[in-house]
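For clarity, chains are labelled A, B, C, D, E, F, G and H in written order, and residue numbers in each chain start from 1.
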Amino acid sequence: MKAILAELVRDLYSHKISPEQALKKLEDYPYEDLGFAKVDHARELKKGTAEVIFGQGKTPEQLLKIAKAILKKGSNLLVTRLSPEVYQKIKARLPGGRYYPEARCLTVIKKKQLEPVGLVAVLSAGTSDIPVAEEAALTCEFFGNRVSRFYDVGVAGLHRLLGNMEEIKKARVIVVVAGMEGALPSVVAGLVKTPIIAVPTSVGYGASFQGLSALLAMLNSCPGGVAVVNIDNGFGAGYLASLINKL
Amino acid sequence: MKAILAELVRDLYSHKISPEQALKKLEDYPYEDLGFAKVDHARELKKGTAEVIFGQGKTPEQLLKIAKAILKKGSNLLVTRLSPEVYQKIKARLPGGRYYPEARCLTVIKKKQLEPVGLVAVLSAGTSDIPVAEEAALTCEFFGNRVSRFYDVGVAGLHRLLGNMEEIKKARVIVVVAGMEGALPSVVAGLVKTPIIAVPTSVGYGASFQGLSALLAMLNSCPGGVAVVNIDNGFGAGYLASLINKL
Amino acid sequence: MKAILAELVRDLYSHKISPEQALKKLEDYPYEDLGFAKVDHARELKKGTAEVIFGQGKTPEQLLKIAKAILKKGSNLLVTRLSPEVYQKIKARLPGGRYYPEARCLTVIKKKQLEPVGLVAVLSAGTSDIPVAEEAALTCEFFGNRVSRFYDVGVAGLHRLLGNMEEIKKARVIVVVAGMEGALPSVVAGLVKTPIIAVPTSVGYGASFQGLSALLAMLNSCPGGVAVVNIDNGFGAGYLASLINKL
Amino acid sequence: MKAILAELVRDLYSHKISPEQALKKLEDYPYEDLGFAKVDHARELKKGTAEVIFGQGKTPEQLLKIAKAILKKGSNLLVTRLSPEVYQKIKARLPGGRYYPEARCLTVIKKKQLEPVGLVAVLSAGTSDIPVAEEAALTCEFFGNRVSRFYDVGVAGLHRLLGNMEEIKKARVIVVVAGMEGALPSVVAGLVKTPIIAVPTSVGYGASFQGLSALLAMLNSCPGGVAVVNIDNGFGAGYLASLINKL
Amino acid sequence: MKAILAELVRDLYSHKISPEQALKKLEDYPYEDLGFAKVDHARELKKGTAEVIFGQGKTPEQLLKIAKAILKKGSNLLVTRLSPEVYQKIKARLPGGRYYPEARCLTVIKKKQLEPVGLVAVLSAGTSDIPVAEEAALTCEFFGNRVSRFYDVGVAGLHRLLGNMEEIKKARVIVVVAGMEGALPSVVAGLVKTPIIAVPTSVGYGASFQGLSALLAMLNSCPGGVAVVNIDNGFGAGYLASLINKL
Amino acid sequence: MKAILAELVRDLYSHKISPEQALKKLEDYPYEDLGFAKVDHARELKKGTAEVIFGQGKTPEQLLKIAKAILKKGSNLLVTRLSPEVYQKIKARLPGGRYYPEARCLTVIKKKQLEPVGLVAVLSAGTSDIPVAEEAALTCEFFGNRVSRFYDVGVAGLHRLLGNMEEIKKARVIVVVAGMEGALPSVVAGLVKTPIIAVPTSVGYGASFQGLSALLAMLNSCPGGVAVVNIDNGFGAGYLASLINKL
Amino acid sequence: MKAILAELVRDLYSHKISPEQALKKLEDYPYEDLGFAKVDHARELKKGTAEVIFGQGKTPEQLLKIAKAILKKGSNLLVTRLSPEVYQKIKARLPGGRYYPEARCLTVIKKKQLEPVGLVAVLSAGTSDIPVAEEAALTCEFFGNRVSRFYDVGVAGLHRLLGNMEEIKKARVIVVVAGMEGALPSVVAGLVKTPIIAVPTSVGYGASFQGLSALLAMLNSCPGGVAVVNIDNGFGAGYLASLINKL
Amino acid sequence: MKAILAELVRDLYSHKISPEQALKKLEDYPYEDLGFAKVDHARELKKGTAEVIFGQGKTPEQLLKIAKAILKKGSNLLVTRLSPEVYQKIKARLPGGRYYPEARCLTVIKKKQLEPVGLVAVLSAGTSDIPVAEEAALTCEFFGNRVSRFYDVGVAGLHRLLGNMEEIKKARVIVVVAGMEGALPSVVAGLVKTPIIAVPTSVGYGASFQGLSALLAMLNSCPGGVAVVNIDNGFGAGYLASLINKL
């Protein structure tokens, strides 16, 4: 930044550029030279070579329009929360797309992706939590992380979790997805010193209150080393796991 | 009941008793013969040879008055939720009482208690949950159950729980006391086929919302075999465990 | 466990087995010899000779696949939360199944069941609570308990409850199912000294808040001897009642 | 109202009063003749010969000032939510006052009260609910209603309630005060066809959530014939019972 | 009751009846002579000459079955919460029925109803609250009360309320139905000394939280003289108003 | 008001009008002369030359009936919360109407509208918030305010907001529409000294709890200068912005 | 802003300033010349000639330190949420300060304030709401607005409100403060077309839930023209009223 | 682990150890050789060379006892949630301890700590959030991380945040602490691609509901890259930040 300003000042002082040109440049400065677009790093990541569309609540037409704009730039594309019904309506017009029904996600890969790095473990407590877990896992993979999956390892069958701990501990970050009583992140956190991102799901009924029960349990996790994202937010967990894994 | 009525009818028919006497008996019938006092079995248990006072919110004078009425009948007495401050004020006037500061309970034993039977395991997740766990354990003991205690065996240190499982499985009923994320009952339920009574505690802060977090987690316990009592209700868990243990 | 270890040690010391064989056995030890699968008792119960599938949210294909795997092992099968619509789609492919529309449950009995034992009383406050009550009752029967049903005995018509109390008292465990104000478990608990499992239902409207009102009322039950399971969790209540009844 | 206007019009037409006098009267009309103060009937009741001060949160000085203004008019006075501490500070300066410590109320009777009429039954579930019940009962008595009290008749000891039903049914209105599970109004409503005003109390702990549990239970009362006032609002129940009883 | 018992005793003593007959009568006593059916007064009202079915959640077949059983006894019938769709399916088989689409109620009048008595005023704040108000009004009329309706008199147009106050004050009981901010009962209570039953409705959106906003406002009504029933519970308000009006 | 009364008095005194005429006028006085209809200013605004119908929950027939009554008076008409489906059913019968699908609003302009005045800025955080923002913007325009729109300027891309601040500051009032974390009003309030009306939307999922999250965030806005309307209440924000802008 | 940049460019081009000086200026530019402090208008208002300290939770020492820093700059000072206890501790060291015990505010006026302009009406429903109302009123006066107060004009005594409407309508903005049922803003909004800022207070008990009841009622206000600030946020309402009044 | 087992097997096979010794070792195996203590990695971190005590709710005696046990092992010690009052009582008996009043933490450093690594940025929105922020910062430092602090950079003064962004971006992990509307983490997340741990605080009043408002806002953070810990849980955030920073 300083360098750009210094150059401009020198050029003006030496009359290489006119006052009008200098003024023009300085007026653009807060948005271009100071680079607020650059400031916008989280989006840059998505917008640069890999972009994401939150599909829920968008019409097929809206999705196609945004997707095409992104693909025209040569970016890779991830669409989350894409129902099979909507996918059926757009798939013919999105050549090269691959749909993951369990994760309810679509990817279109334009640029060859780099070799995946690190390792993110994605755990789900029950089989009903798998869609959210898959959204997290796929997001990690889309952003270039290696992923190992451990599904249906909830506290109702502790031996399955314990039997996998050696593998789970190899990960640099762990995403733990659970509904109902939301106990799994706490149990895992008692067994590892890896950062854990907990994702409550709306799986359950009655006093699960659409995921509130799991959310509160995770926020109160006793062992430490756990942070929580929104209910059913598999993408958010995967994206944050990717940021951490790549440190 | 039928027998009593039949006898009354026979006696009247054979003029052993006068119509006035019969009428008198029949008028008392709903309360004595039909025995509403007997109907009131839960209370009978407490009122017969072992009675309980919920101490919270009662003044020292009120406590003493009720306690003396009970002791006069020769019953054993359990006072729950008795703060040390109040205990100090009444102890001189309740000879023979024994105060358990951790459980915040007082017992006065007038009748020799029977040999304890069965086995109730009382677990606490953290050290801060011990007062509630002790209230449950003491209640069990007061009502004549053998009790084994396993404290500070929460999910943050799973090995302590696992290391005690063999002992815990010996119990006929398990009381599990936990605050914060309330995960312990679910984990235990995944390891045993013993009935579990879960007690959420108000231990925690922030999003524990005075025990709501633990309560919801326990109600949503995935493995099955768990039922829940009110937040901090150690007495209720102990009393129910006693009913079950004595089946 | 000790026995197995002792044998292994003796065999190794006496060179009956080689160090390699011993090592192999010891490495498997945490999962086979220590028998985490055995540890998993609650599941064993379900997985051994009687297994349960939570039907809600599963597709007909998923249900059939899991059901067939279970039946192949010769186990008896209980499917809960099975809507009539899904049942219609799978019934042709599950020969020997019997569907209970009110309980929304399906059973397939492969092994002759043992003579039912003990007695569980299942009460419902209103007629709208019957589906949940039936799920509890059927679960008890599936696991080999005798069941007596008392439906529509809510506090709006106290005489119906009182008129049945003699029969109700014969049970070793009582399951009480109620929506709206959830008062029935408290009233029953005031009349018996039998363990009570209360099931709030989502029956009601407005300030019943989908069962929250009944849930809170049951958790605050004054008489004691009551524990609560999740809203509409008839299976959970029946399963726990079975564990208690069989003590 | 019409009569007053007609008289004014006649008087003006016949020049008994001048236009200025008429105008003066008409301008006052919305507040005096139309009588918005009269419109204000609920307050009139309190302000006329019997006035009420809500004592909570008022300083001794504020209470005395308001009380003296009322007494100067010759009205009878009821002060609710008056703590013993505040009463000690004002009693010397309020001669003729009578303090009811259980109800936390003070009355000063200046005008001889009429013979009480009708009958309001006031029930409390537990002994801890008595202060709220007494506030209701005293309010009824203050406004000239006969009151019969039935305390500690909660569902934990149903026979005490049933044993009093004959007396309770004599009332024209029933006030039922209960905390915890708030089941008593529903049970009473199943036994009578008298209007019932239910008062939830903040008695309880944990999931009673300061009376929310009892409040919801009462709002969902199945039998019908029950309406609910605010938590701990003994005065409100007593005042409404008085309005109904005097119909 | 005493008289019946006395007669039985006399008859037995004088051998008018045999011991067996006496015993038979006494055994029935708790349910017939003590008259638990009579005890059940609220239901008697409904079951005697005028009965009510809560239609919501019942199938057409269930409704018809219950309705026919009631009509066979010669009672008048009120079905509440009856959707037009269900009504279409049953109307051919319920001759003499009259459907009120706004109130979503059906009545079948078998016995000539008595001349309506008293006066209940039913107010609604908005036009969307009218269905609930009509349910209340129709319930009152069904039970033999005169009803005056004042709809769309909410606080957004205070003059409409004030313009009707003179008529409203003629009522012995006032039912006030309001959603959203639920302010109308408080405003009316400030203007009358008539008992008010407030009915919150689920009308509104966003922070109305399906009627919670109106419910809380009504429970906190400042002027006094207001009690509240469940959200959208027009029947409950009408039934209670009827009990009060007929005092 | 005084003038009208004075005239009436003079006319009566001078016998220009008869006592009967005077009485008639005075009886109407509270509703006509005192002008409660005039008092009703908020409605006058809507009812005079520009009226509004809240379309949600109204049938096509109901909408048409109200709309025609309004248009007959020559008023301009705004219908909010009008779904495309309902619009399709009524459009043929509302000639001259213009439908705005994004705002889900319909306007019918009968009277030429005045030149718009002032300036209201309407901001939306995300694209999903635009329907609510458009409802606010259209409401402002309907009531004669100039509007500038700034959509998708949420905190995820701060530079877009900052890049528009100079334009935004030109407004006299700012309406800020946001769902999810509801942070935008706080950020804007930290940058301007213009009054801000914040509108939480139900956009989001999980712990957004249908807009509760955004609502609470806005109520707690730290910088000051922010007030909040109901969730999704675009009309309310636009109407209030119009009142303020026209000061 | 442009002018400053243009001057800098000209000065540099004409060598009036050196490149180093220009660079220095440009580097400061985002914070001084671009004037983020100026951008920060809401704060400027407070920091310029009139600054505000939120006193709650600050120690006497912290308060004094901040206050002195402000006063040193010659600004006028408003301290809100200042308890009498803390005021007693700091008053000797804040000469010229004036404490308003009802509003719990302190002002120190260093600069002569301009003649107050416009008119803000501040209404309170009850006497207990006055502290919050006074905080709002005092805030308005501190920022140079004329204020008219109308206290204790809640819906329990509608005539007092109606009797003041003519005066209230003279205001350009109305602040309405109410606890309990929070009905007053809705009633006022039905009578005026003035912008209304509603302030819920935590006054009440039981189901008022510390102001939640009033908050929800105000957010659901039917008549329109109402926006809401945080519970007990008298300052926020006064500050926003000031912004609006000065438009 | 394998190595240890292999050695044991070899020793037994070669009769270096007796069967009894082998058995003894193997029986201890689950706790020592299998090393559940090692499994317990999160605790190892704390228990090894750096241990933590959660001070809240512990008596001075309890604290001292635990602290001394830890220090005897030569570990460094961190006590969180230690009030000044309790610190005063224990400081004489904990030589070498250093108390941080703002963070309410105590550290005792026995082992020389390693050079801190990486960089964690800790931001607070307001000055009242600083205690929680300091707890997070101190925790990071205690576990060997470099920390940069940015306090009072909330959205009310956006320029202060923007002016620090260049520094903030240097961190590998960012902890953002905010109460009230909880907007800061979302704003920061829109400006960086660094993992963010958000800590809601209970700072605020009214509708902040003791931190619930901030908690919900943070869970709904739009930009992505944010995870949340419990309200006021500065330690949890610092500990997780340390785990991430050290990857």
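The rule is simple: a residue touches a chain if its C-beta (ideal position, glycine included) is under 8 Å from a C-beta of that chain, and two chains touch if they have at least 3 such contacts.
Nothing here was measured: the structure is a model prediction, and the numbers come from that model.
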item: Path length in the contact graph (subunit A to subunit E, fewest steps); value: 2
item: Any chain in contact with subunit E as well as subunit G; value: D, F
item: Result of counting contacting C-beta pairs for E-F and A-H, higher pair; value: A-H
item: Centre distance in Å when subunit A and subunit C are each reduced to the mean of their C-alpha atoms; value: 39
item: Euclidean distance of C-alpha centroids - subunit B vs subunit G, Å; value: 55
item: Inter-chain centre distance, subunit D versus subunit E - centres from mean C-alpha coordinates, in Å; value: 25
item: Junction residues of subunit E - those touching two or more other chains; value: 30, 39-40, 42-43, 156-158, 189-191, 206-208, 212, 215, 219-220, 223-224, 230-231
item: In contact (per the touch rule at the top): chain pairs; value: A-B, A-C, A-F, A-G, A-H, B-C, B-D, B-E, B-H, C-D, C-E, C-H, D-E, D-F, D-G, E-F, E-G, F-G, F-H, G-H
item: Of subunit G, residues touching subunit A in the complex; value: 2, 5-6, 9-10, 12-13, 15, 18-19, 22-23, 26-27, 30, 34
item: Contact footprint of subunit G on subunit F as seen in their complex; value: 39-45, 165, 172-173, 189-195, 197, 215, 219-220, 223-231, 235-237, 239-240, 243-245, 247
item: Interface residues, subunit E side, partner subunit F - complex; value: 128, 156-159, 162-163, 203, 205-208
item: Residue numbers on subunit A that touch subunit F, as the complex places them; value: 30-31, 36-37, 39-40, 42-43, 56-57, 200, 202, 210-212, 215, 230-233
item: Residue ranges of subunit G touching subunit E (in the complex, touch as defined); value: 125-126, 154-158, 180-183, 186-187, 189-191, 204, 206-209, 212-214, 216-224
